[in-house]
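Structures incoming, each one as structure tokens.
Each of the next two complexes has chain A plus one other chain: chain B in the first, chain C in the second.
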Partner chain A sequence: MTTDSVKRAESTPDEPMPFAELGMKQDEYDRVKEILGRRPTGSELAIYSVMWSEHCSYKSSKVHLRQFATKAPHSDALLVGMGENAGVVDIGDGWAATFKIESHNHPSYVEPHQGAATGVGGIVRDIMSMGARPIAVMDALRFGGAHQDDTRRVLPGVVEGISHYGNCLGLPNIGGEVAFDECYIGNPLVNALCVGLLRKDQIKLATAPGPGNKVVLFGASTGPDGIGGASVLASATFEDESQAKRPAVQVGDPFMEKLLIECCLELYAADVVVGIQDLGAAGVSCATTELAAKGTGGMAVDLNLVPLRDPSLRPEEILMSESQERMMAVVRPSDIPAFMAICEKWDVPATVIGEVTDTGRLVMTWHGETIVDIPPGTAADEGPVYERPFHEPAGQAALNADTPDTLARPADLRATLLQLLGSPNLASKAWVTDQYDRYVRSNTVLAQPADAGMLRISEAIAGAEPTTRGIALSTDGNGRYAKLDPYAGAQLALAEAYRNVAVTGAKPLAVTNCLNFGSPEDPEVMWQFAEAVRGLADACRTLGVPVTGGNVSFYNQTGSTAIHPTPVVGVLGVIDDVAKRVPTGFVAEGLRVALLGDTAAEFGGSEWAHVAHGHLGGLPPEADLEAERALGAVLVEAAARGLLEGSHDLSDGGLAIALAESCLARGIGATVALSGEPFTDLFSESAGRALVVVRPEAFDEFAALCAEHEVPCYGLGVTGGESLVVQDVLEVPVSELRDTHSGALPAVFG
Partner chain B sequence: MARVIVDVMLKPEILDPQGQAIARALPRLGFSGVSAVRQGKRFEIELEGPADEAAIADVRKMAETLLANTVIEDYTVRVEA
Partner chain C sequence: MSAARVGVVTFPGTLDDQDAARAVRLVGAEAVPLWHGDHDLKGVDAVFLPGGFSYGDYLRCGAISRFAPLMEELIPAARAGLPVLGTCNGFQILCEAHLLPGALTRNASLHYVCRDQRVRIESTATAWTNAFAEGQEITLPVKHGEGRYVASAETLAALEAGGQVVVRYVGGNPNGAMNDIAGIRNEAGNVVGLMPHPEHAVEELVGAPSTDGLGFFTSILKKLVNA
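Here is the complex of A and B:
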């Protein structure tokens, strides 16, 4: 079998290469030839094609994502910003948290169980590579209509995969979302978030400095996973025996990942790691080019040393393999024995495959022949950048003009409440979240169905004083809002996640995002993307929370029909004392119920329009970020002063759903009175609102605090009894609310 | 009455963590000389009638839709003598 060496490439300059099959454009291929001064070898083409792919290079999104940096608010908490494996924020008392959300959409459609499982595995490794112990995960999931056949294939598989991988790792799943819309039937969104904890002086970075330092590949061996594309190189170009079709599906092994976690933490503690990178998309190609580009600049690797699960793999395939549970570390030669001993203790195979050099070149050999010789930065950082054309979608004005004003208002608000409460998007998600372990590691303070997940900071690390602190996390997104107005939709997603964190009493600190869109080559989709990024960046500045990292997922479409633009935003907050957290809902009888924030008649993209009329049109609710910020300040301050007994944010379904969910939290009813038009008061989705319950004797102090921050505070009534009573409008026993709320998903999924 | 056997195995190129775990456990229990293990599933389908062509075709359909995940698994169908 011929190896396509650099020497051979020089002597056969005109040999056609299958760049188009690897998704590379002619001008991109020409640029590779210009960089190298010759045609690339098969292995070099493998590296450039994956590193310059949309997924790795962000070539269509980069020009827009820059706003997250240029518009970033100043934050003393930010320790590591965008561009690393995950952002890191200072949470006080010497502790830091690192968190990130990432998509695994397409693999989860092809093979729901393994696709979703490896999505968890991948994001956990990102967090590990920052030097942290992963402490929790959450998943933001979107599926086709609950009644659609394929949803019954995809949803149970995805939920099983997440619970399998996460439960095996022993990581609590503390929140997330489950939403349904027919636009996701061919493109479910599986966005996985992980959060990790570390001492703030122990951050690790993906860098390979110091010539002579060794490059170690450790974890699982490399097999033909997820390299459908690379087989083109291995078989089409070189008159090779016909290769079996390589699987696009990767199978994860959570027990190997668990060993990797513990192994890495011991390696960090022993201080034998100079730089580290996880292997995700683009595997060895990505790890070697990125490590080298951020370090001294050069690296020499012998690919024959990579441990293989399938000995027939060709070098091009080794470079592109996405086999799971692998990491790459840069280690001083004198530390190699200690490094290997720790790996051996944890049963983690580890192999030195090369070393750092000062040549400025990434050089790889295969059976003694040089098959790769490139400047690593050209693959890792200097990929193509596109200013894709974009314009407002042709139907956007008509969509916005089709307001919900003309929809028939319901005569029976009790029936509408029950109809919404039992609809798939608002019904209890216990069928899903009960399959996840929420309390393993025993640091979970709040988990689903609370507004945000909250964890206490409790890790046994030498030198760390005990702390009362905790972190809170929430993810939110609403594709319907973003479809109507992507700028406002992205801001509303941030506002809701921010509010969800604030209602627990935690101060929002930082943002991660997963931007799910259709094809960037469609100018209408690109407009949605550009607007969403602009909106999110502006909102982050107003709310004072920087974006620390995230992920862009393009090409979420079936044929020419794209999903709703769906920016999913995760917010991390910190609370000084977890004992002062605010639980969700009505926690006791005899408490005053108050509504914070103003309500306008805003039904565009609302759950009511969706469920009752199948209507999507008009404009989403206004995103008043200054009001949002003031509301957050009141909630955090009130929690710290011990003024709040319970709280709940208002979002999809409006006040009616928030009241019902608050009753369901502990099975305690309430009697409230409305001051305005009942339908609008109950079902409008105006943003910037929250429900709180306060002890009667603390109410004046709380109302004064609201006045000080200019947050409207309306007393609605009191908690107690066995029914939700909205005076002169409706009355529903809590037991009936519960049956409706908890019965919906089991009725569909069994 | 006939019995049809369906064997389901992960495709050869797909990672098999269970098989690997077994392979790692064998030497600990004193078994040597094993280079690899792959684990699969065996289904015994009892038919009410004979295992004729139509019945076998039916079993194949069962394998295709329920017994095997053909994205990552292969299956074989045979009649037990």
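Here is the complex of A and C:
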């Protein structure tokens, strides 16, 4: 078989190349030719096509995402910002946390188990490549309607994939979300988050400095997984061999990933790694171009040295393979023996495939012939940037005008409470989360269904000095709110995640996001995206929490029908003394129950409108970020002073659902009284609110603290008894709440 | 007197090893790391085989681990009376190694299950449960996909008759185990296998909402100190 070498490319300048089949536009291809001064070889085309894809280059989103940097609030905590594998924040006492959320939506629709499993694997490797020990994961999931047939195919597979991979890795799954809406039926969202810990002075970066340093590929061998377009390329260029149909979804091996984690940590501890990069999307193409671009600038690689699971792979396929559980490290020649010995201890195959050069070129050979010779930065950093046109959707004004004001209000609020509590979005998610190990590593202070997951950090890394600190994490996002107003919807997602972290007593510190949208080529979708990014960037500035990284997932649509715009926002917070964490809900009898924040009649995009009327219209609740910030300050200060026994954020389903969930936390009832119109008080979804429970003797001090921060505080009643009693409105035994809440998902999924 | 030394074994894919070591230290014993590839028990007084997915559990759970070099040392030592506790994957390994009878198969639900489970201590005549009272009910987390204990009718009858059922699920059986069995011992009582995880129920702050797991660690300490 002919190898499409650089020499051959020079001598056959007019040979047609299948750039269109690889998703490349004519002008993009022309630019490659201009950069190289000739046509690209098949291998070079493979590299440019994947590196310049939407997924790797952010070509449609870049111009908008810049706001996360230009509008970023000042933060002393930010150690590594956007652009690396994951952001890193200073959490005090010499510790740093690194966290990121990433989508694996499309693979999870095609093959739910492996799609979701490899989503977890990928984000964990991002965290490892920062030099950190991964310490927990969480997942934000969106599915079609619970009653829809395909949801019964996709959801169990996704949950099993996450469960199998994460459990096998030994990472506790401490939170996340599960929500249902018919808009996701052909486009489920699987957004996986991982958080890791490291000592602040031990951050690793994806860089290949030092000519003569060795490039080591380690972990699993390379097979024909997730190659996608590469087979097209191989077969289109070389007509003499028909390529077997390659699986488009990667297959995960969590056991290998667990070995990789322990192996990497030992390599870091031995100080034998100069630079490191995980192999995710675009595999060897991405790792070599990015490492080289950020280092001395050159790299020489012999592709024949890449260990293969399938020896028939062509170089183009090796370059594009997305085989999982692989890492690439840059290692000083003198450290190679120590590096290899550690890999051997962990049974992790490792191979030197090349070295760093000062030529400014990424050069790859195949059986002695040069098949790639490019300036690496042109593939890694200088991809196309698009200013996609956008405009408000044609139906947006009508959607906003269709307010929920005219919807019939329920006569029976008790029935409405139970109807909502047993609806798929608000029902217990134990069917899902009981399949995740939340205890492994013994650092889990709070896990689902708590408002945020919380971990102690003192024992996360063997030998590091102890600290009382802990970290809290929450992800949130409401596609219905964002559909009604993407600017406010993104802000509300941040506000809720911020609040969920604050109610546990942790101070919100930094943000990651996963932006799930339809096609950027649709100006109406692009408008949603532009508005959401603008809203999130503005909100981050107001709340003083910088975006540290994240991921954009476009093309979540079937035909011309896009999903609701769904920005999912993750917030990381720090609590100085983890022993002072505030648990979720009513933790004891005889405690005062108070509602913080004001309630207005806000039902646009609400769970009530959705469940009771199948209605989506009007405007989402107002995002009052100054109020949100004040509420957060009260919660964090009150927790530090030991004033809070329990708390719970108010969100979907409003006060009614927050009260019910608080009762369910420990099976303790409460008697409360409302001061306003009962339906609005119970079911409005006004933002910036939380429930707290306070010892009676501490109530005055707590109320004074609220007054100091100008946070409205309304005493509602007291905990105790075996029922939730809303005086003059409704009374439901806790056991009935439990049956309704816990029975809904098992009734659908078995 | 030097502290009691409890070995904690790490296989490739072991996950709960550091949790087990922490629990050992919490009761004042010394945790000694043991590596699967070594022919060396390092002179420990007892051994904890923690949970996880050794070798990925790609064959039967525990089927490969039982052949590890360390197991070649551990199996005869256990037969000679060395106290050994295997939890979860450790229990599976003990069964594969024939130190305990029966086997652990896929949960009846076909799903992995992680929950706080009520269990009853049925036998205190072991190196690992002597600090409990017989019939005492405690809460421990379970977290496994293959924890359904099965054995032949004769084996079950012998286990029941010999008082070898150590821990039984109460208030619901998470995996369909025969006779609600959560843990068993060998005839001598030095080897115990458990599906629940005592090492995740030893501190107020973290893990399961109970510290009931501590009893397993104080039991071995008591056993070793009195020996």
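In this text, the second predicted complex is superposed on the first by the 745 of 750 C-alpha atoms of A that agree within 3 Å, B and C clash if a C-alpha of one lies under 4 Å from a C-alpha of the other, contacts with A are read in each partner's own complex, and residues count from 1 in each chain.
By definition in this document, a contact is a pair of C-beta atoms (placed from the backbone, for glycine too) under 8 Å apart; a residue touches a chain by one contact, two chains touch by 3 or more.
Every value quoted in this text rests on a predicted model; they were computed, and no experiment measured them.
**Q** With the two structures laid over each other on chain A, which partner does A:Ser323 touch: chain B (first), chain C (second), both, or neither?
**A** first
**Q** Examine A:Trp346 and indicate which partner it touches, taking first as chain B and second as chain C; both and neither are also allowed.
**A** In the superposed model, A:Trp346 contacts chain C only, not chain B.
**Q** What is the contact status of A:Val372 with respect to chain B (first) and chain C (second): first, second, both, or neither?
**A** After superposition on chain A, A:Val372 lies in contact with neither partner.
**Q** Of the partners chain B and chain C, which touch A:Glu459 in the superposed model: first, second, both, neither?
**A** second
**Q** Of chain B and chain C, which one touches more of chain A's residues?
**A** Counting residues of chain A touched by each partner, the higher count goes to C.
**Q** Applying the document's definition of touch, where does A:Arg309 land relative to chain B and chain C: first, second, both, or neither?
**A** Once the two structures are laid over each other on A, A:Arg309 reaches chain B alone.
**Q** Which partner does A:Ala530 reach: the first (chain B), the second (chain C), both, or neither?
**A** The answer is neither, since A:Ala530 touches no partner chain.
**Q** Counting only touches as set out at the top, which of chain B and chain C does A:Cys540 meet: first, second, both, neither?
**A** Neither partner.
**Q** Between chain B (first) and chain C (second), which, if any, makes contact with A:Leu595: first, second, both or neither?
**A** A:Leu595 sits against neither chain B nor chain C.
**Q** Looking at A:Val32 after the superposition, I want to know if it touches chain B, chain C, both of them or none. Which is it: first, second, both, neither?
**A** In the superposition, A:Val32 contacts neither chain B nor chain C.
**Q** Which chain A residues come up in both lists, the one for chain B and the one for chain C?
**A** Dual-contact residues (chain A): 253, 255-256, 347.
**Q** Quick one: which bits of chain A touch chain C in the complex? Just the residue numbers, please.
**A** Touching chain C from chain A are residues 160, 163-164, 167-170, 253-256, 258-259, 346-347, 433-445, 456, 459, 462, 578-579.
**Q** Which stretch or stretches of chain B touch chain A in the complex?
**A** It comes out as residues 10-17, 20-21, 24, 69, 71-72.
**Q** Spell out the residues on chain A that touch chain B in their complex, using ranges where they run on.
**A** Chain A reaches chain B through residues 110-111, 114, 220, 223-225, 244, 246-247, 249-253, 255-256, 309-310, 323-324, 347.
**Q** Enumerate the contact residues on chain C facing chain A in the complex.
**A** Against chain A, chain C makes touches at 12-13, 15-16, 18-19, 22, 52-53, 55-58, 111-115, 141, 143, 145, 197, 199-200, 203, 205-208.
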